[in-house]
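Below, chain A partners chain B and then partners chain C, in two separate complexes.
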Partner chain A sequence: MTRLIRAAAMVTGICTIAVFFMMLILGWPLFSHGHLLALLVGGWNPGSGQFGILPMIAGSTAIAGGALLVGTPLSLGVAFVTAVFARGRIRRVLLSCVRLMSGVPTVVYGFVALIYLVPFIRSQFHSGSGFSILTSSLVLGLLISPTMIVLFVSALDGVDPRARRAAAALGATPAQRLLYLQLSEALPGLLSGVVMGLGRAMGDTFISLMLAGNSINMPGGVLESARTLTAHIALVMAVDFHSLEFQSIYLCGFVLYLFTFMLVLILRAVNHRFQRGRVQ
Partner chain B sequence: MKRFAELLLVIFSWLALLVFAASFLSIFVVLLLRVRGLDAVSLFFGDTPPVDALLHGLPVFDGIYPALLGTVSVVMVAVLCAVLPGIFTGIYLAEFAGPWAHRIVNLLVDVLAGLPSIVVGLAGFSFMVLLHNLFPGAPGPCMAWSALALGFLVLPYLVRTTETALQAIPAELRRTAPTLGATKVQNIFFVLLPFRAKDLLGGVILATGRAAEDTAVIMLTGVVASAPGMHSLFKQFEALPFYIYYMSSQYRDLAELQYGFGASVTLLLLCGLFFAAAFLLQSYVSFRFRGSSWLQK
Partner chain C sequence: MKKIVFCFAFIAALGCCNAVFASSALDAFKGQEGVVKVAGGTAHIPVIKEAAKRIARFNPKVIVTVAGGGSGVGIRQVGEGLVDIGDAGRSATEEEISRYNLVQVKWAVDGVGVVVSPENSVKSLSTEQLQQIFAGTISNWKELGGEDHAIDLYDRDSASGTRAVFVKKALKKGAVNGGANVVVSNGAMKTAIAGDPYGIGYVSVGHIDSTVTPVALDGVVPTIPSVQDGSYPVARGLYSLTRGEPAGLSALLLNYLLSPEGQKIVEEKGFIGVK
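== the complex of A and B ==
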């Protein structure tokens, strides 16, 4: 039985590593075809053998960054109400609602936004088709909010209750307690919530696939269409398997894998500092 | 000035809550308005008589019954595949791993948890192609591949719930069985895991909900827009999230669009059910745990 348990852990670990090497090996023809730098920063022009995925990296960054700009303030506000301003039953109801919201399927957001938000954006701004960075950032910001709120609330609740009671005993209002005590104490937890939100936003496929328009060019404004790394993988899957264009999706997968790895390391650094800070 | 900042913070927070609640409410209201008047029988079964579809496996062409059936079966197979490796890895992390092994496996599980589902789907697809090239008889895109890839995707949920459930067990209980002569493995399987069985079940249900909503993995490994007949592990299949995606770009008239909304509501209810069940189980456990604190005294 012990052996079985060890084997299971080994399989989990090896499979995760295998995904990395799969991206690397299957994308290899492309890596060896041109310079790595050209692949990352060169333009996308399959006709002349250019497979730079920079437009997709920029698209992913723009949409995920926009989602954070929308989602972070929204989640902070809701988390403040849930953790500090509301009490008792309201707090519990809010928290369960938020947790349930995190279960709303991605395609449902995409579907509703496609029918209602895209035409709205189109008619409001009189430019573009409505399929834009703005549209997908708005929806993606809403989508990552429940996850971020749950993390923010647990960070704010994690602040030493003795310090909170001491602040209250000194006559601090909930707002003062939040502003001068909990915010600074919970900062690492809040930060890791934002990093997790960024990870979810970068990794999401269907919001940008359905709402961002998917044209390959460097995004120049929020009303322009863009293609993300994830959407690129989903779209190119339909092309034939041996072209270099097809292999560019492994490069996208590779970049996404490295990005995830980096985020995990950042999260660990933040949590590590957090724990060291608590001990002192 | 400081008073003003405090006031501003309160106003901002409640405003944010208002925007958040309004956004979600508008999604739900829109969904409800759009499915109003939709006949449930024709939504699920199209023109096929429901009894024939359910009992005799008659193909359904214009309904979401095949998609619902496909989602339910692929998710069930996925979780069945993942449940043992997931729980065992969790046990390993909580009870067996040395410091270095713990660090490495922990890191890898974190990475897997953070991987975009499309990357997992791409890996599943590549593995399928690879195997197909090595053994020409190996199955192509089908439900079995989707289930395996989905199982891999939800593995971290199972690992983490098992690990945290085991770690939260009070030391008294942890030591009781070994004192009476039980081995480590016996202690884990007959005392510790049963004690947190509801937590584990919560984790399994959460993983199920997560698998049911994912579209990217199945899109790369075996889902198709139309597979009206009986489902089999080694055939391509329909699934609700992919049906919704397909309908969003391919609908031809308002009736088909309404079917898309119907499928959205169905998927929403399905996932909501799984998430609600998972949270109920977990909060019930923590409640019971608080109630039984006399055990520790």
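== the complex of A and C ==
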């Protein structure tokens, strides 16, 4: 049994590393030609031979950042209520709603937003077509919330019950216990929830493909159309396999990979620091 | 990738009444057995689907599977041997043909028309105006006699066969503004334009229905008759490609599409036959 589990872990690890090397090998023509910098910081215009992915990097960052701005306060609120204020049945109902939300396929969110949110944004702001960074950030924020809520709740619940009882015995109300005890104790867990949410927002393809508009211009405002790295991969996939245009996909994959890698590193560093702080 | 697979097997029910459906065009499939995999251009799907249905009804042992993906995908997949027939809404480039040793058959003609929302009062444009709209130099409907509101441009991804013919023949290779929204299929374009009163985009003429309004280009409205008689110039062939000369069931399917019955299906689905 142990051997089986170990083998499964090994396969997962090897796959992750293999994907990295596959992208490196397949994208090698790009890297070796020396125009890597032009591809990373240039604009996208296949008609005139420009295959830069900077607008997509900006699009991904803006939409994922926006999703985090929407999703974090929302998730924190739900997590506070679930973990601290609600008891018994209300808590169970809230938690099962959150689980249900995480089970709704992405395309359903995208489709509902396409029918209702896109025309609403268009009519509210009189600028742009409604396919925008704002639209996809709003929906994406909702989409990443269940992941964040579950992690937040488990972090808040994980605070030592003895400390919580002690605080209660000292006369602290639930709100005071949350503010002065649970928040600071659960901070690493809360932060890792945010980082996970960001990772999910960055990796999502369908919401941005359906709602962000996919324009190839550098986004200049939240009401403008933008294209994410993931949507770009989906859009360019159909072009001629041997073209430079297609090979830029590997660079997109590479950038996404590095981004996730960096997030994991940040997560590790945060947890490490907090643990050291606690020992002292 | 959206994958639509059709396997019609009315074996028991229809086994005894083959004679009803027997027509000269389908006779070639008699006694045949096997699967033909088709993938590629999304414009082709309704026609291939109908042909697959009729063939399966005549001989349930012949199964035709149809997948989308777009013209680029069709050419690549047939070239790499993943499917038997690749569909493309543009002629394959010489490079693609020589790289994979492809043979292409044109079995229908399709127009690409500019469409706006039915709420839009602008119903006619000149080629020059269209070029300026898509280049971004005309950016308000007011300049075209419409409402004072910015124009929302909708474009297709660069692997689209519909886009290829639109840029070549309607925009005369003019530039498309980078700020344009990009949608992934003829269907998505129609949905986007139907929902956006200030949008402008383009779809295959076979896709135009009451949810969108076709815009006359230099005085000619894109309709099936105007594409057919050549007065509407933005048209393209629908192609099917095989690696090497078509053989076996692939050859039979392509022959069927070119037969009078196949060409009738083409016309029923909103395209123009080639024979």
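Keep this in mind: the second predicted complex is superposed on the first by the 258 of 280 C-alpha atoms of A that agree within 3 Å, B and C clash if a C-alpha of one lies under 4 Å from a C-alpha of the other, contacts with A are read in each partner's own complex, and residues count from 1 in each chain.
Just so we're on the same page, a residue touches a chain if its C-beta (ideal position, glycine included) is under 8 Å from a C-beta of that chain, and two chains touch if they have at least 3 such contacts.
If you're wondering where the values come from, they're calculated on a predicted model, not measured in any experiment.
Participant: State whether A:T205 touches chain B only (first), chain C only (second), both chains, or neither.
Facilitator: In the superposed model, A:T205 contacts chain B only, not chain C.
Participant: Touch check for A:E224: first (chain B), second (chain C), both, or neither?
Facilitator: second
Participant: According to the stated criteria, A:W28 is in contact with first (chain B), second (chain C), both, or neither; which is it?
Facilitator: neither
Participant: By the touch definition at the top of the document, which applies to A:L4: first (chain B), second (chain C), both, or neither?
Facilitator: After superposition on chain A, A:L4 lies in contact with chain B alone.
Participant: Looking at A:V236 after the superposition, I want to know if it touches chain B, chain C, both of them or none. Which is it: first, second, both, neither?
Facilitator: A:V236: touches chain C, not chain B.
Participant: Given the superposition on chain A, which partner contacts more residues in chain A: chain B or chain C?
Facilitator: B
Participant: One more residue to check, A:F120. First (chain B), second (chain C), both or neither?
Facilitator: A:F120: touches no partner chain.
Participant: Now for A:T260: first (chain B), second (chain C), both, or neither, which partner does it touch?
Facilitator: Once the two structures are laid over each other on A, A:T260 reaches chain B alone.
Participant: Which chain A residues come up in both lists, the one for chain B and the one for chain C?
Facilitator: On chain A, the overlap between the chain B and chain C contacts is residues 114-115, 234, 237, 241.
Participant: Per the contact definition, I'd like the list of chain A residues that touch chain C in the complex.
Facilitator: 43-47, 114-115, 118-119, 122, 126-131, 209, 213-217, 224-225, 227, 234-242, 245
Participant: Please give the residue numbers of chain B that touch chain A in the complex, ascending.
Facilitator: 5-7, 9-10, 12-17, 19-20, 23-24, 27, 30-31, 84-86, 88-89, 91-93, 96-97, 101, 104-105, 107-112, 114-120, 122-123, 125-127, 129, 152, 155, 159, 184-185, 189, 209, 212-213, 215-216, 219-220, 241, 244-245, 247-249, 257, 260-261, 264, 267-268, 271-272, 274-276, 279
Participant: Quick check: in the complex, which residue numbers of chain A touch chain B?
Facilitator: 1-2, 4-9, 11-13, 15-19, 22-23, 26, 73-78, 80-81, 85, 94, 96, 99-112, 114-116, 142, 145, 173, 175-176, 178-179, 199, 202-206, 210, 230, 233-234, 237, 241, 249-250, 253, 256-257, 260-261, 263-264, 267-268
Participant: Okay, in this complex, where on chain C does chain A touch?
Facilitator: These residues of chain C touch chain A: 69-73, 75-76, 96, 99, 149-150, 152, 154, 157-160, 175, 177-184, 191-192, 195-196, 198-199.
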